[in-house]
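Across the two complexes that follow, chain A remains constant while its partner is chain B and subsequently chain C.
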Partner chain A sequence: MKFTFKSSFTILLTISSIFLVFLLNEEGEIPILFNLLTFAGIYGLAAIGLNVHFGLTGLLNFGHAAFMGLGAYVTVLLIPHAAGREGVVVTTGLPFFLALLIGIISAALFGLLLGLPAIRLRGDYLAIVTIAAAEIFRLLVRDLESVTGGVYGIINFSNSLQQYRSGFIDNFASSNELNPSQIWIAFLSWTSIILVLLLLRRLTNSPWGRALRAVREDEDAVRALGKNAVWLKLQSFMLGAGIAGLSGVLLAFNYGTIQVSTFVPILTFYVWAIMILGGVGSLTGPIFGSIIFWVIISETTGIAQLIFENANGQQIAGVRFVLVGLLIMLLMIFRPSGLMGKKEELLLDVK
Partner chain B sequence: MIEQLGNGLLLGIIIAVASVALSLLYGVTRIVNFAHGEIIALGAIATLFLSSPVDSRVIFLDRFSPLGNNFYISVVISVILCGLLGGILEFFLFRPLRKAEVGNIAVLVVTIGLSLFLRHIYLLFNAKPQNFPLELQRRETYLFFDMTPRNFRVLILGIFVMVLIGLFLNYTRIGKAMRAVRDSNDLASVSGINSDNIILFTWISSSMLAGLAGVFQATINDVRYNMGFLILLLIFAGTVLGGIGTSFGAMVGGFIIGIVVNVSVGLPFMEGHTEAKNAVALAIMILILLFRPQGIFGEKERVS
Partner chain C sequence: MSNKYLEVTNLKKSFGGLKAVDVQSLNLNRNELTSIIGPNGAGKTTFFDLISGFQDSDEGKVFLNKKNITKSQPYSIARLGMIRTFQLTKVFDRMTVLENMMFSASSVNNDSFMKSLIRLPSQKTTEKNIKEKSFEIMKDLNIDHMANSYARELSGGQKKLLELGRSIVNDPSILLLDEPLAGVNPKLAEEILQIILNLSEKGISILMVEHNIEAVMKISQRVVVLAEGMVIADDIPENVRTDEKVIEAYLGSENE
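And then the complex of A and B:
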C-alpha cells in the first residue's frame, strides 16, 4: 500500500471513526471497540475473498454466505461438537487445524463445483445463479437436521480452538475486562487478514494476477494470447471461496454456536457493502471498509433511539438494514470505487 | 397430489404475474431488479393498511382513509400506489443512472441496496405477519381442485389479468412500442418512439403488476414485510425458465415453478423435507440457465 492521498485519507477516516466510538459511548467503550474489531476482522476477511471474485476477476458473486457457511459447517462437524435438538454429542474428531484445512478446501471445492458450469454465464446471470445456489445450500443445511442440527444448530465446539489460546491473550483480556475467547478470535482473524493479504499481494503481482485482471478487462484478448480464461476464473473463484470459508469458521467460533440463520443472503449483502465501501479491486480497502462499516453498525442502536423512543430489537435491526441498503445504493451511485478502489479498474457493465 | 396441485396453481398465479412484471422490466430496461419483491410487498402492505378498520393500528401509523375501508377500492388504490412508486424510482433514480451511463452491474447492485432499504422500512412499520381483514372461508371443490372461493377468484382474476397483458402487448400501440424498445432501443428511437416515456410506462406497469401479485400473495397467505423477498428467487426462477425478457414465457414459467414447488412435496425423496421445497425450483432454474439459458420460449442470445 502506497501512502497516497487516497490511502492517507482512508486511514484518517478509519481512525476518526474509531474515535467516534469513544465519543458516542459514555461507558464500556473498550468492549464495544473490541467487539466491533472482531466482527470487522471476520467480515473484512470475507470481503477480501469477495474482492478476489469481483474486484480482481469481475465475477458477480452473490452467494458468499454459502461459501462462508460451508467452511464453517465442515470444520465444526469434523471436531468435537454437539448438534441438533437433542444436542447429540460427538466427542471424537480431527485436530482443529486439520479440520480447518478441510473446511477451507471444501469451500474452495464448492466454488469449483458451482463455478464449473456457472462461470461461463454473463454477469447478471451469474449473480442469480450464485444467490440461488446459496439459498439451496441454506435450505439443505436447514433440512438435514440429522447431520447439521438443522434450525437447532451446533454448539459446544469452541474448545477445540480456544485450547490453543495463548497466555498473553488471557492477560490482555483480564486486564481490560474483556472476553478472552473473543479477543483470541479477533487476534486470529486479524492475523489471517495479514497472512491472506501477503499471499494475495504476491499472487496479484505475479503473472497469474495480471492474467486475472486481463480476464476482467478483456476475456477474448486473454484467450487470443493462449491463456485458459475459464480456468483462470475458476481458480479465482476457488481462492475467494476458500478465504470466505476461513472467515465463516472464524464467525462460527466467534458466536460459539453455528446457526443456519447466520448464513442468510443478508450476510452476503453485508460483505458486499464492506467491499464497495473499502474499494473494489483494492487489496487493503476491505479492511478499512470493514472497520468503518462496523463502527456504523455498532452505533445503529443510538441512531434507532433517536428515531424511536425505546426502540426495540426489531426496530434497531430495521434501522441497521435501512442504513446498509442506503450505504450500498449511495456508494454505487456516487462513488462506486469506494474509499480505496480505482475507478478505471471497476467492472460495472455486463460484458 | 391433487390438493398440492391446487396450491401449486395458486402459487403459480402469484409467481406468473410477478414474473411477467419482472420480465417486462428486464426486457425493456435490461435491469435485473432485486427490489421487485419490495414492490410486491408494498401492494400487500398498502392494501392491509387501507382496508383495515379505522381504529386498528395495523402498521405503525394510525389508519386513515377518506374512501372508507372497502377491500376492492383498497386494492385498486394500492396497485396505483405501487405504480407510483415504480414511476418515482424510474424518474428519480434509474433514469438519472441511465443518463449517466452507469453500467448494468452497478445498477443491479443499486437495486440490491434499494431492496434492503425498502424492506426494512416496511419492517419498521409492520413486523408481525398479518392477515387481510377478510372473513374465513370454507374450501370448496372446483373441477377437482379444493380451494376457498376467494382463492378461486384470485386464480380466475390472475388468468384474466394475464390474458389482458397478452392482448395489450400484442395489439395496442404502446404495447408494440414496448416490444420495439425491448428488441432494439436505438431502432425504436429512430422510428420515433420516445424510449424514455416507454421505459417510464414500463416501470409503472411492471410495478402495478407486482403490487397486484402482492395482493394475491397476501390474500392466499399473509402480509409480511419480507414476503416479496421470500418469493423473489422463485420469481427469478419462473422468469428464467420461461425465458428472461419474454412475457408469455414468464407466465408459463411462473406457473410451472409454482406447481413444481408444491407438487415436489409429494415426491418420494422429498418425504419429510417440505421445508426444502423451494430448493427444487431453484435447482431447476440453475439447470435451465446452464443448459438452455434462453429458457423455454426465449430466443437465443449470448449469455456467456
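And then the complex of A and C:
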C-alpha cells in the first residue's frame, strides 16, 4: 500500500471514526472499541472473500452468509459441543485446527456445488441463484434440528479454541479489563486478515489473477482465446467461499454460540456494504471499510441520542440504516470507487 | 495431408421460424484468405458463432483438421489453433494493453492456480518471454506506446488493433475475423488490410466477414456469398463480382 492521498485520506477517516468512539462514550471506551474491532476483523475478512468474487472476478454473489454459515456449522459440529433444545452433549471430536480446515474446505466445496449450475449465469441471474441458495441453506439448517440444533443452536464449543489462548492475551485483557476470549478472537481475526491478504496479493499479481480479471472484463473473449472461463470462475468461487468460511467460524466463536439467525441475508448485505465502502477490487479496502462500518453500527445509539432524546430501540435501528445508507450515498457521489478502489477499475457497472 | 482445414456439412441453425444458417457444404483451404460477404442478416456472424462453438447448431457437422468440433466448447476449439475476433470489439477494458496481450499469450498451464501460488521460477521465465513477444507484436501494430494504458482508453481503431494483436500473439494457424474494418477510418483500414495480408502470407489461414466490398475484393483469394443463410456464390473475387445471384441478393430482384 503506497501512501498516496487516497490511502492517507482513508487512514485519517478510519482514525477519526475511532476517535468518534471516545467522543460519544463517557466510560468503557476501550471495551467498546475492542468489541467493534473484533467484529470489524471478522466482517472485514468476509468482505475480502467477497472481493475475490466480485472485485477480482466480477461474480455477483449475494449468498455470502451461507458460505460463512457452512464453514461455521461444519467446524463446530466436528468439535465437542452441545446442540439443540435438549442440549445434546457431544464430548468427542476432532482437534480444533483439523475441524477448522475441514470447515473451510466444506465452504469452498459448497462454493463449487453452488457454482456448477449457477456459474454459467451472468450478472443479476447469478445474484438471484446465490441469494436463493443461501436461504435454502439457512432453512435446511433450521429444520435439520437433530444435526444442527435447529433454532436452538449450538453451545459449549468455545473451549476447543480458547484452550490455545496465549498468556499475553490474558495479560493484555486483564490489564485493560477486557474479555480475554474476545480479545483472542480479535487477535485471530486480524492475524487471518494479514495472512489472507498476503496470499491474495501473491495471487492477484500472478498470471492466475490476470486470468480472473480477464473473466471479469469479458467472458466471451476469454473463451475465444482458449481459456476455460467456467473453471476460472469456479476456482474464484471456491477461494472466496473458503475465506468466507473462515470468517464464519470466527464469528461463531466470537458469539460463543451458533444461531441460525446469524446467517441471514442481512449479514450478506452488511458484507457488501463493507466491500463497497472500502473499495471494490482493492485488497486492503475492506479492512478500513469494515472499521468505519462497525463504528457506525456500534455508535448508532450515541448518534441517535444526539437526534432524539431517550431514543428507543426502533428509533436507533432506524438511525442505523439511515447512517449506513447516507454513508454509502455520499461515497457513491464523491468516491464511487470506494475508499481504496481504483477509479480506473470502477466495478459497479455489472454486465 | 488434405488441403482443407475446415469442412462444414449440412450446417443448420434457426431462431424460431427464421432460418439463420443453412449451409449445405463449405470447405476452406489451408493458407487461403477467404471472405464471407452477404447482405445484413445473411447469417454471417451466426455462421462464425457455429463454427467457433459460441452457438450450438441444430443440425450438421463441422470438422477442423479432420477433427469433429461440432459440439466442442469455444475454448477447446481455440486451443486447436483457430482463434476468432468479434464484430463488436471485445478488449479487456479495465486491464492494461500489455495485460490484454499477455493474458492471451499465456498458456493455460502458466495461468494455473497452483503455479501462481508457489511462484515457480519457470513461470517467471515464461512471463518474461511472453512479455517480450507481446511487445514485438504491439510494436508491429504500432500500439506499443499504449502498453501501460487501460484498454478502454484506446480509440476504436486501436481497440481493433489490440484485438487483432491479442489473437495472433499465440501463433494461431487459423484466424476468424468478424468485421475487422468496421468503424475504422479509411487510413487505418488500409493498415489493417495490410496486416491481414501479411498474416496470410505468413501462412495463417484466414476467414473474414466484412462489409467493405472493395477491401474484400482487393485482398481475398476466394469469396463466399451468403444470403438468407445459404451459400449463393463461392468463387474467386472477379467471378463473384459479376455473379447475377449476388447482384440480386444485394440489390433485390427486378421482379419485385
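Please note the rule applied: the second predicted complex is superposed on the first by the 318 of 351 C-alpha atoms of A that agree within 3 Å, B and C clash if a C-alpha of one lies under 4 Å from a C-alpha of the other, contacts with A are read in each partner's own complex, and residues count from 1 in each chain.
Assume a residue touches a chain if its C-beta (ideal position, glycine included) is under 8 Å from a C-beta of that chain, and two chains touch if they have at least 3 such contacts.
Owing to the predicted nature of the structure, the values given are computational and were not obtained by experimental measurement.
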Partner chain in contact with A:G87 - chain B first, chain C second, else both or neither: neither
First (chain B), second (chain C), both or neither touched by A:R223: second
First, second, both or neither for A:G256, with chain B first and chain C second: neither
Contacts of A:R122 with chain B and chain C, given as first, second, both or neither: first
Partner chain in contact with A:P180 - chain B first, chain C second, else both or neither: neither
Residue contacts on chain A - larger count, chain B or chain C: B
A:P31 touches, of chain B and chain C: first, second, both or neither? neither
Touching partner for A:Q235 - first (chain B), second (chain C), both, neither: second
Chain B versus chain C as contact partner of A:W208, first or second or both or neither: second
Where chain A meets both chain C and chain B, residue numbers: 347
In the complex, chain C residues that touch chain A: 52, 54, 73-76, 78-79, 83-86, 90-95, 99, 102-104, 106, 108, 110-113, 115-117, 119, 123, 127, 150, 166-167, 170
Parts of chain A lying in touch with chain B, wherever the complex brings them together: 60, 62, 117-118, 120-125, 127-129, 131-133, 135-136, 139-140, 142-143, 266, 269, 272-273, 276, 314-315, 317-322, 324-330, 332-333, 336, 347-350
Of all residues in chain B, those that touch chain A in their complex: 30, 32, 97, 102-106, 108-110, 112-121, 123-124, 127, 233, 236-237, 240, 273, 275-276, 278-279, 282-283, 285-286, 289-290, 293, 302-304
Residue ranges of chain A in contact with chain C within the complex: 199, 202-203, 206-211, 213-214, 216-218, 220-229, 235, 344-345, 347
